[in-house]
Structure formats: structure tokens, C-alpha cells
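Letters A, B and C mark the chains as written, and numbering starts fresh at 1 in each.
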């Protein structure tokens, strides 16, 4: 039972790393708290559902479709919302409210459009036989999800560390004003990062029917909260710290489900608090000086 | 303190008097009560965020602690309501003391950690293994203390107390010290402000405020589940109301609640189906066009805001 | 002479006004029924169908000219005043109060589910209004000291799983079931049912509970939990959760390749359309569940039959996003009970309405089953039989009723092939 919980935890954690990755990217690049992140995930899920139901598109192929679509949506959305925010006294905290409003708008539109019930995609489109690893069986969809998450994380790594624009993005993440003064088009870089962040959320959404069992318009808020816990554990502004945070979350959750199930949802938050008390900027964060 | 006296007379007294008198005029008392609750919560946020710069996403944790503190004393020990109120406030205060180390965190880390703390408390309370203590997931049902009119009056008293605290902060050196901490803790400490003591006091004050009104809330509604009093939406509403009106002032949160919560209820009663949509768009428009709240607008027009 | 003729005239008028029923001058022009619904948030999926069911009844009645109200001896149109509480209990409290104090409704009907009903209980009591509790089955609402509540369309949670427990203890035992695993979500509704199942099993003492755990209601993955359940080697598995839990649970069972001999889930029956669409028919084959009023055709002595109701529903709400199922029947049943109450009550006074409703207990049978309330207002009738979903010839599923014997139409297929 222990090994099963560990492996399942790693898989599930990898999925949550995917969810958190976009959120962390946005925070790191523009210090914006995207409370609508879970709702974009939900939209991605519904996109996959409709692509599957209306056109028979296998969710695996929905992934690149959804990725491109949401990157394109993110770009103008950035210009619409963020620059104005940055002009205010406390953009970090105000972004909270702005994106909370956005989250409500998205949820409302989704409810009007899709109703309030749960939707799902049958698991056998990703493989009808469970996979066997180390003598344990895991649902095929979990394995595919894990692989897809790993691929996306790898792609983000490549983007950040191997492309010019990724280099510029990292510059903006560490010192926004200085990046501006070296001639980097901060807005363009940020807009791209924003688009990618939404796209990552949407890709996670495509996998959501398999990992969460179902999708429904009201699911966004809970997902956002959990993903915040994950990225803060890993460290805000450090996208690859999210991977670590996700793993910690996943394994902790699965272990608790095995040994003390009714407390399972408690542990990740507890772990988060403990981590923050020991390392206030998360597992991989840099020490910040304050009084 | 002359300013303080003016604030007292022109802000605190009218507001408290209004809410004391309104029940005679408007019969949906529960709505009035909810207004008082949000007024108090928004001022509580004002104390810890407006003055001190820490934004607690999990502010509702203190509210819930107060509610459960009250309820458990009534349920298990059959205490009289006023004594149980003190217990509720104490419960929130103790929670605040336990969570004081979180103040070492900054900005968004603090926000998320406080949210996590609130969730932890909510989960512990609603765990079925603790049913004998907290009623677990089955919710609280108080009988024998149902007294909505008296509870409302107590709520108005708490509102008065809260406003007093904010008036004090607005007009005292301590309040100024807190604002200094908010702007730059390092410089503040170099200027002689005891940063740790200052923010701890602000934190505990805000916890106390939420705990008190949480206890009264439990008294008023007397039947609730854990999700009701640990609802994240309440934190968010209180924060949005405080921010909209303008922080570090007395009138700011009041106007924020009056306007935004008023609109919320107005929409809810008038056009329910597009409720969430309209409210979301409204919030987005407000933050986009009035990012610092309504008050800087007023300041630009030369009105000095209390 | 003139004066003698004039004198009797006022006397006649006076006599006429005394002898005419006093209410004739005060016949209300409409009966106001106030209710809440949640159009968004976690409770929307159980709330909207109930609301639509009630609305269907209101509109049907109004098409006939209104509901017959006995004290005025005529049909009076019904006005349904409904607000959206967005699944928020704080909003629901102010809206219940709004209905009572501002709209001054004659009849107060709760929103669906225990959470949104709970906040209405003290408000109704304070204002001395009878709370028509549609589907809020929380056991703590019903006490001897509060007459202002009555549960209409669902049995109280502590009795709901009666036939599950009975089956396991009797026929299940005969089939060879000895070890039972219980997994439940830790909220009032499913925890109370879990307690009931546990009690039914422990009281009979024949079966051993080998796994008994609660998980948070927002649990959405059961992969690890299922392995743990399997490790305890149960003969029967009882899963008690909300629709999201059931969907995730059944998917994970299928995808993990696990086969249980006897598996029960609440919403496979309560929202069959929804769950089947989400997990696919294969995942639900041989699953046991409740046979709800939308899956069994009781012979009502009042109101439409199930078939008639479904036809009316499809006609009115076709193409809509609101699921037809047990909750829609629940809303309509509320209407039917109110129908009988208004037709038999002595007055519109709240306690008179209560007496009229209680008088229906044991006499009224609707498409929802036998209406029976105990002295505290809790519904003790309408208990749902146990059924099993089996594959039909078209690749879909058919619900067989397997227990109790007098309602059953098939034998259970055990162990699941």
C-alpha cells in the first residue's frame, strides 16, 4: 500500500505541478495573483469535452489545440487587464481582486453556457487497460496525464532556459525595472508569459476529467486555492520550484488517504504552513531580508 | 486628538446610530445584520491590511473560530450567551496568537499561508472524529439562546467598538507607526518603531474583531455548518469592500460595504440570473478604473477623508 | 309608510354582511409561495431541478385557474417568488428573511439540500412560519420543540439507507456476503447515511465491517483509496458521496481494473443520467444503487404519474441544461403536497397548514412514494428500494429493483460478473 501511495502521489503531484506552473509563471513575471487560474483550467476542460463530443477529437490531440488557442486568448487579455493594474499603488494585492472578478465572470458565463452539472470524458479514450508499474496497476489516464505533465514541464524549462525570449522572461522575473531599462519589451514578454500560463492551465484542464473525475463550472476556485498552496510550497516566482511543490503535495495527499483518510485534505495545508515557517520563501526560494 | 473627536462625532456616531435605528424602519433585519457583519469584517481587514500592510486571505478563520468558540460553550457547557461571546473572542485571539509566526512572511506568502491556516482550522473542526467536541460535519444547532434582536444590538455595539479602534488608529502615533511598517518595515525599525510588537498588536486586534462578530453571528443564526462560517467568500468580500472604499481610513471600508454590498444585494433581489456575471464585471471595472479605491478620487477633489 | 320600508333595508344589509363568510371580502388575489434556488455554486446541480419541478406544478395549477384553497372555497392563482442564493448560506439567510418580511409570502419553501435549508430553520421558527423543507434531510433539523418545519420529498438521512442495510443483513448474507467496506464523504448528508448503514449492520451483528473511512467531500481521486479498500478484501463495498465523488469513484474503479463483487453508490441512482453520461455505462454495470422515484412507477393516488410528469417536463424544459431526475420529482412532489394542504386546510395560518400537511401522512401517495411524517416533521416514508444497474441489449443500462421483495422485479446478480 505504501509504494502505491508513493507512486500515485508522484503522478498526481506531477499533474498539480502542471497546474501550478502557469500560475507561478504569471506571478514571477508580473507579480500578479491570478485567482482565475482554476477557471481557465475549467475552460480548457470544457474545450476538450466539446472537441471530444462534437468532433470526436481524442483529448491527447486536444492538448496542442487548446494550448495554442489559450495562448492567443491570453495575449490581448494581458494588455486589457495588467498594465493598468501595474500603475496602481499595490498591484500585487489589487490583482487579487481583479482576477477574482474575472473568475466570477468566467464561472458565470460557463454556468449560463454549460449548466451546473458535472461532465466527463470516458477514461478509455486514453487507453482501456491499466498500466502496470512495479507490480502495481495504475489507470491509463493517470499515466498519460503524468507523461503529458512531464512533457509540458520540460517544454517550459526549454522555453525559459534555452530561448532568447525565455531569457528575457527570466530577466523580467528577477528585476523588472532593470529589464525595462536594458531595452527588453517587458509588455510583450509578459503578454507571452501570460498567454503561456493560461495555455498551461487549459492543458491541465484537458486532463482534468481524468484526474478529477469530472469538470463543472464551479470547480475553478478550489483548484486555484490548491495550486496556490503548491506554488507557495515550491516558491513563488520560481517556476521549477512548482515541480517540487507539486510532488510534495501529491505524495502527502496520497499517504494521508492511506493512513488517515479523513484528515487527508488537511495535511497539504499543514505542510505548507510548516514549510513556510522554516523557509519563508518556499522550498527553493531566495532568502528575502525583512525586519 | 481634536481630529479624533471630529471623526467620532461625524463618522462613528451617525453610522452606529443609523444601524441602531434602521431595524425599526426596514424589516429585513437579517440583511441589516449582514451589513453590520461585513462592516466589522471590512474594518478588521482595514486594521491589518490598511494600516499594517498584511493581507490575510484566511481572515474568515478568525470569524469561524469566534463562531465555534461561542457555539461550543453554549452547546457543551450551557453557558449564557454573553459569557460565550467572550469565549468566542478568546478563541479567535488564541488562534491569532498561534498564527503570529506567520507575520514573518511577506506579501503573497502571508496571504496564502493565512488561507491555509483557515482551511486547516475548518478541516479540523469538521472532521467526523471530533464530532463529540465540535459536532464534526453535522453542523451546529443552538437551542435556547435564540435572541436575534438582542444579538443585533450586541452586533451594533461591536461595530461601535470596532470603529472606535479604527478612529484611534487613524489619529494616534501607533496608527502612524503601523503605516510606517506597511510602507517599509526596515526603515520603520530604523526610525525606532518596534515592528514586531506593532504588527502583532494589529494582528491580534483584527483577530479579536473578527472573533467577536463571528460569535455574534453564531448567536444570531444559531444553525450552521462549518462551511458557512469558514467560507472563503467572506474573506474575499471583506477585502474587496475595504479596498474599494480605501484603506487606512475610517470611512473607506464603510463606504465600500455600503456601496458594494448594497449593490450585491440589490442585484440579487432584482436580476438573479445574471447576478454573478454582473457582479464580476463590476468588480473588474472598479479595480481597473478606480484601483486605489474611491478615496483618491475624493482627495483629488479636495475632500479630506476621515 | 316610507320609514317602515326603509328600516328593514339596512337591517337586511347588516344581516347579509354577517351571514356572508367574512373572508369573502378578504380573499387574497394570489397565494404567494416563496422559495430559493441556487443557479451557481456547489449546490446548483441539486437545486435547479427541484426548483424547476416546483415551477412546473405552479404553472400547471395556474393553467387550471389556480389552486383550490378551502377557506375561500375557490381557486386562487399562485405566485411563485424565487430568489437566487448562489449556493451561499449568508445570501440565503437574507433572502429567506426577505421572502418573509418584505414579500410576505403565504408559504415558505426551502432551497434544496441540508446546507441551504439549515439557515432557514431558525428564521422560519422565529417568524412562526412553517418551513416547507423539500430535500433537506439533516437529522438535527427535526426536534420536538420546533413545529415550524416539515420534510416533504426525501426521507430523513438516518432512515434513507434502510433497504441497503436490510438487504445486506438478510439476502446479502444468504448470498455469502460477510465483509463490508464503507467509504463516505464527510458532510452531513453522506456521513449520516454512513452512520445509519453502520448502525443497521452492527445491530444485526452478522456482517463484519472491514473498512470504514471518511474522506473530505471535495475528494476527487480515489485511486489510492481503492487500493486500500481492495486490500481489506471486502465482499461488499458501500460508497456514500456526492455526485462528484461518485463519478470519480466509479471511473477510478473501472480504470484501475478493480472488480468488486458488490458495489453501491448513491448517485448512480439519484442522478443516473448525469453519472452515466460522465463515466460511461460500462463503469456502472452491476452497481447497486437507490431506486428513486424517477425510476420506479408508483401508483399515485394524487397527481401525475412518473410517465406523465416526464412528458410534461420534456415538453416544458426540452433542450434545457437542467437534469431530469429524482430532484425534479422532489420539487413537483412539494407542489402536490401543497396542493392537498391548500385544499384541506382550515385557514392560511401556518399551524393550520401544518395540520393539513400532517393529515396527509399515511394517506397521500404520490409519484415519490408514500408520504409519511413523524411528530417532529421528519419524513419517514418515501424510502427508496435497492436496485441494480445491469446491461441491457442496446449497450446501455437497465435498473432492476432487487429489494424489498414486494417491490422487486429481479434477483440480484451476485457476485458481479
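Methods note: a residue touches a chain if its C-beta (ideal position, glycine included) is under 8 Å from a C-beta of that chain, and two chains touch if they have at least 3 such contacts.
Source: prediction; values computed, not measured.
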item: Pairwise touch network: line, ring, star, complete, or other; value: complete
item: Chain pair, B-C or A-B, that carries the greater number of C-beta contacts; value: A-B
item: Where chain A and chain C are represented by their mean Cα positions, the distance between them in whole Å; value: 38
item: Rounded Å distance between chain B and chain C, as computed from the means of their C-alpha atoms; value: 37
item: Approximate Å spacing (C-alpha centroids) for the pair chain A, chain B; value: 31
item: For chain B, residues that touch 2 or more chains besides their own; value: 123, 127-128, 273, 275-276
item: Set of chain C residues in contact with two or more other chains; value: 39-40, 186, 214, 216
item: Touching two or more other chains - residues of chain A; value: 107-108, 111, 262, 265
item: For the chain C and chain B complex, residues of the former touching the latter; value: 39-40, 82-84, 86, 88-91, 93-98, 101-102, 114-115, 118-119, 121-123, 125-126, 138-141, 143, 145, 186-188, 191-192, 214, 216
item: Residues of chain A that touch chain C when the two form their complex; value: 1, 4-5, 8-9, 12, 107-108, 111, 114-120, 122-124, 129-130, 136-142, 210-214, 216-218, 222, 254, 257-258, 261-262, 264-265
item: List of chain A residues in touch with chain B within their complex; value: 27, 33, 81, 84-85, 87-89, 92-94, 96-98, 100-109, 111-112, 221, 225, 228-229, 232, 236, 262-263, 265-266, 269-270, 272-273, 276-277, 280-282, 288-291
item: Residue numbers on chain C that touch chain A, as the complex places them; value: 39-42, 44-45, 48, 87, 186, 213-216, 218-221, 223-225, 227-228, 231, 243-245, 247-249, 251-252, 254-257, 271, 274, 277-280, 321-323
item: Touch list for chain B against partner chain C, complex; value: 27-31, 34, 123, 126-128, 136-139, 141, 143, 146, 148, 221-225, 227-228, 231, 233-234, 265, 268-269, 272-273, 275-276
